[in-house]
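A quick write-up on the structure given underneath.
By letter and in written order, the chains are A, B, C and D; residue numbering begins at 1 in each of them.
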Amino acid sequence: MSSLSIDPGLGEKFGKHTKRIINQNGSFNVKRNNRRLNPKDIYHFLVNLSWTRFLLVILAGYLLVNLLFGSVYFFIGVENLRNSLNSTPMNNFLSAYFFSIQTFTTVGYGGIVPDGFSANLVASFEALVGLLSFALATGLLYGRFSRPSARILFSRNAVIAPYKDIKALMFRVANLRNNDLIEVEANLLTVFADPVNHNRKYYGMKLERKSVYFFPLSWTIVHPIDEDSPFYNKSAKELKELQTEVLVQFKAFDDTFSQTVHTRFSYIVDEIIWNAKFKPAFEPDEKGEIIFDLDRIHDFELI
Amino acid sequence: MSSLSIDPGLGEKFGKHTKRIINQNGSFNVKRNNRRLNPKDIYHFLVNLSWTRFLLVILAGYLLVNLLFGSVYFFIGVENLRNSLNSTPMNNFLSAYFFSIQTFTTVGYGGIVPDGFSANLVASFEALVGLLSFALATGLLYGRFSRPSARILFSRNAVIAPYKDIKALMFRVANLRNNDLIEVEANLLTVFADPVNHNRKYYGMKLERKSVYFFPLSWTIVHPIDEDSPFYNKSAKELKELQTEVLVQFKAFDDTFSQTVHTRFSYIVDEIIWNAKFKPAFEPDEKGEIIFDLDRIHDFELI
Amino acid sequence: MSSLSIDPGLGEKFGKHTKRIINQNGSFNVKRNNRRLNPKDIYHFLVNLSWTRFLLVILAGYLLVNLLFGSVYFFIGVENLRNSLNSTPMNNFLSAYFFSIQTFTTVGYGGIVPDGFSANLVASFEALVGLLSFALATGLLYGRFSRPSARILFSRNAVIAPYKDIKALMFRVANLRNNDLIEVEANLLTVFADPVNHNRKYYGMKLERKSVYFFPLSWTIVHPIDEDSPFYNKSAKELKELQTEVLVQFKAFDDTFSQTVHTRFSYIVDEIIWNAKFKPAFEPDEKGEIIFDLDRIHDFELI
Amino acid sequence: MSSLSIDPGLGEKFGKHTKRIINQNGSFNVKRNNRRLNPKDIYHFLVNLSWTRFLLVILAGYLLVNLLFGSVYFFIGVENLRNSLNSTPMNNFLSAYFFSIQTFTTVGYGGIVPDGFSANLVASFEALVGLLSFALATGLLYGRFSRPSARILFSRNAVIAPYKDIKALMFRVANLRNNDLIEVEANLLTVFADPVNHNRKYYGMKLERKSVYFFPLSWTIVHPIDEDSPFYNKSAKELKELQTEVLVQFKAFDDTFSQTVHTRFSYIVDEIIWNAKFKPAFEPDEKGEIIFDLDRIHDFELI
């Protein structure tokens, strides 16, 4: 094999058992201890949560904060909340709770009004907390929406198909979202494991075409298995023994948000199909428009 | 023709009828099925809506949400809204509706006040929904304003004009907006269709000048038709038969928003005028200032 | 002169009188007619306003909108605003005006409360307008603060000073603000006017050093006047006749806001001092700290 | 020494005493006088404050502004605040203060309501100030969270370790935060001081590997001390006399925020350990996952 091993920053050692290096969601199988957490990481966590969970967190936070402030008003005594009848403890607590909500949200109907120093002081503080919380929510919502995120669909399998008079490793990618991606680039690495020395080696892989300018359709990434390829003269069995993994780096410019987006993916040896080729995923219709079915990006046929 | 066909990621097959590849607004004639929609696409949709439609959507949403919450208060019964007279159903509904609005907007005059658990609970939830809605609106408004968007004016036609001792394809571009664009670049591709094999081929086109640094005036993009050009030795009739389309990629750095902006355009064969040249679009006045009339960018004269 | 004329996108023709091409504030002497204005230009205008003017615009808008809505309530009749005494027209108008403010800001004390359909309807609409206005203000304030803007100080004059055994054109730049600028680059062009043909020509200018990595101090930009220079063998008188102008493009990466910033400047012939050199603008103090006085960046001495 | 001195924009002169050029937090030992401060610098200051201090500033501002407006209402006279009993001056002041808070936060319970022109006018203005303040807070909170900031951990010491058959200067870096950094680059400069001429000189340093693509683990930056190195044939004593400092520029693309981030660091001669090597900071566990302990990045052993 003529290509030289390179170091992509992923470490070379591995233990008795190995895991794939890059998971299907683009994360690494690395556990980092003694990281320093700071508020930005909480923000980051909330920005990356699914929408359902995010709204549940907001709702739970809303109920909890008001439970807290409601309890404070309750312990101060509802006689400090004008217009609220002093009745059963339950009703008193509800008065305190709903007064808290009216303060936190700055609705302030005035149906219940703080009386005296202590209730007014707590209410003053709660209104500030409320406004800052909604300032935070505004930022979080905007952050969630404006966060750059390519949603790239990779074909479930890579195939090894005939290509000119040699073979080539191929897989397909498409843009799952509506935003315009341009200046799309891919970069591939092969990882071979040496089970004796517990060492991994990384090899660059040449592509027929490293980038395309437009990306409205699917793009088939083609690595010709010539003498420079780490796959050259290797049988399926050999690749299996080497615990082969193909790492994919994918980069594009998101024209909609004016941001560069990156994504990662990998194919382990069991996800590489020998002697198969992809079926076309898009076709022109009678009107001349090209119909592209994103679900067909995975379809291949054995040959 | 000496230049090699290249693949810009747009597919080569086409059907019985063809459409232009890039529409005048920069979109592609591709229909994508089975895309995955997520909330970010709704955001993206709202950010790209015209201002009139955007404000109508906001207004409609406002009326609808309050209709919903108003109905809930109405069905709970207006006797749970203190100070609202229990009169005709219509008046009761209006009381409920306006109470809903006072809660949603957090105005909370207190003219009407929730009484009892159920009304208070709904109002608590509505105030939260209201605040989150306006947090969303804040993000949407900011998103609309800060979204990078070059508004580039392309001349309606490209012309084929004399250039040195050969001919050249020329068209003009200008910045429709006030923001400063710099480091302006253009890239051109010719598309020829082969009606027999239903195949399209793409060819790069050399430019006299690929980029200019400043862009306060119009810029004439010039493709000399020399032996490297896909247009070389082709008559107007031949270009028509090849269903010629010139794809334009345009890129600039928006100094005002510190963002790179891209735009696309295309000239189909019927939009290319032979033996014509552009009239000047800007001229110095007596004070030494250069007067540039954006509407004159389209003007050409036959020669 | 060996260097070739280039086209930076600024036009070559000029009239009887000429103005400098780039003004001291970086704008061009170009008047653009038939631009299309859209709301984004208003946003852009408000983001670029000085702080005093911006706050005056906000205040004026606040008074005006409430004057408008106040008048509507007044014409509907203050009998529709509960708790407001129907007294003199002036007092009635003030009641209507302050009720409008309480609605627009969503304070909603409830001292005055809308009664009846029409007042409630207008108030509903006003509360929406109010919330959207403050959503807009939020975006504008954030936009003003986060807008990338290098504030680069250029020395008032360029000097022509001895440099090795030839001469060189030199000027100095410094960062007026506290943010970290790195990867700082400069690019220079000379413009010569031909008063007979009313034509301008642009020439590139080589720099001793095109960029520096760090920028905590001042940077002296040096163009050696060798045989490649457009200034080569030209006397001060000749440069004056050619209406010489040196255009400066300046580019840096703002590490604080993670944005690339550009700025422009120019020196006309009268701002170029022959046989002068700059005085040092920074010096180490006894503690080893380097003291840099930004005001001394302009200081030169004749030689 | 074969490598040529270069100018990174940091000045060459120094005084009797010297300080390190780049401090551990990445700042320079430069004092800049006559900078122009503008509101953007205040924003920048607030965005960079620690969270505790930031919240204290917000709280202090909140109390102060309301103290101010509360005093105005108090001096106007609480008889202009309906429903507030005119009692002791202390109670009157508290009424005025809490009314101010209810106006500033737009809670507006209506327990106290402005009466008459002057109180209404001040309240109108305060509500505007309140809304703008919270608009500002929204922007500041979002600005704090979305600000690009790599938190890069540099090993406390650099070591001079055997490398192939020569020696090399090495140090380690890791990403302290959870965001994905990719396309990580380092650039090194050596600074030698000439105590006779009070002059500093800067020399580039070649790296074994200038960049890595992925950065989930630590990265060891290796400068081989070959004949091109400024360290070549220099003893520890000589380096000490030259007041050697190694400046590190570090650059990465933050995939989470789609922003390029830069950071700086330096090792002065006393922080460079001769004849030492780093201990491994990460190891595979039995499950095949790689465990990386960020605190072990500093660990080295003498050899």
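Here is the rule we use: a contact is a pair of C-beta atoms (placed from the backbone, for glycine too) under 8 Å apart; a residue touches a chain by one contact, two chains touch by 3 or more.
Bear in mind the structure is a predicted one, so any value in this text is a computation, not a measurement.
K.L.:
Which of A-D, B-D or A-C has the same interface as B-C, meaning more than half of the contact pairs match by residue number?
P.N.:
Checking each pair in A-D, B-D or A-C, only one repeats B-C, namely A-D.
K.L.:
Could you classify the chain A-chain D contact as same or different, where same means more than half of all interface residue numbers appear on both copies?
P.N.:
different
K.L.:
Among the chains, which is located farthest from chain C on the basis of C-alpha centroids?
P.N.:
A
K.L.:
For chain B versus chain D, what separation do you get between their C-alpha means, in angstrom?
P.N.:
About 38 Å, centre to centre.
K.L.:
What whole-number Å value describes the gap between the mean CA coordinates of chain C and chain D?
P.N.:
About 27 Å, centre to centre.
K.L.:
In chain C, what residues contact two or more other chains?
P.N.:
Residues 102, 106-110, 138, 142 of chain C touch two or more partner chains.
K.L.:
Note which residues of chain B are touching chain C in the complex, please.
P.N.:
51, 58-59, 62, 66, 94, 98, 101-102, 105-111, 134, 137-138, 141-142, 144-146, 149, 151, 176-180, 182, 184, 209, 212-217, 219, 253, 255-258, 280, 282-295
K.L.:
Given the complex with chain C, which residues does chain A contribute to the contact?
P.N.:
It is residues 106, 108-110, 138 of chain A that touch chain C.
K.L.:
Along chain C, where are the residues that touch chain B in the complex?
P.N.:
7-11, 13-19, 28-36, 38-41, 43-44, 82, 102-103, 106-110, 113-115, 117, 120, 123-124, 127-128, 130-132, 135-136, 138-139, 142-143, 147-148, 187, 198, 249, 259-262
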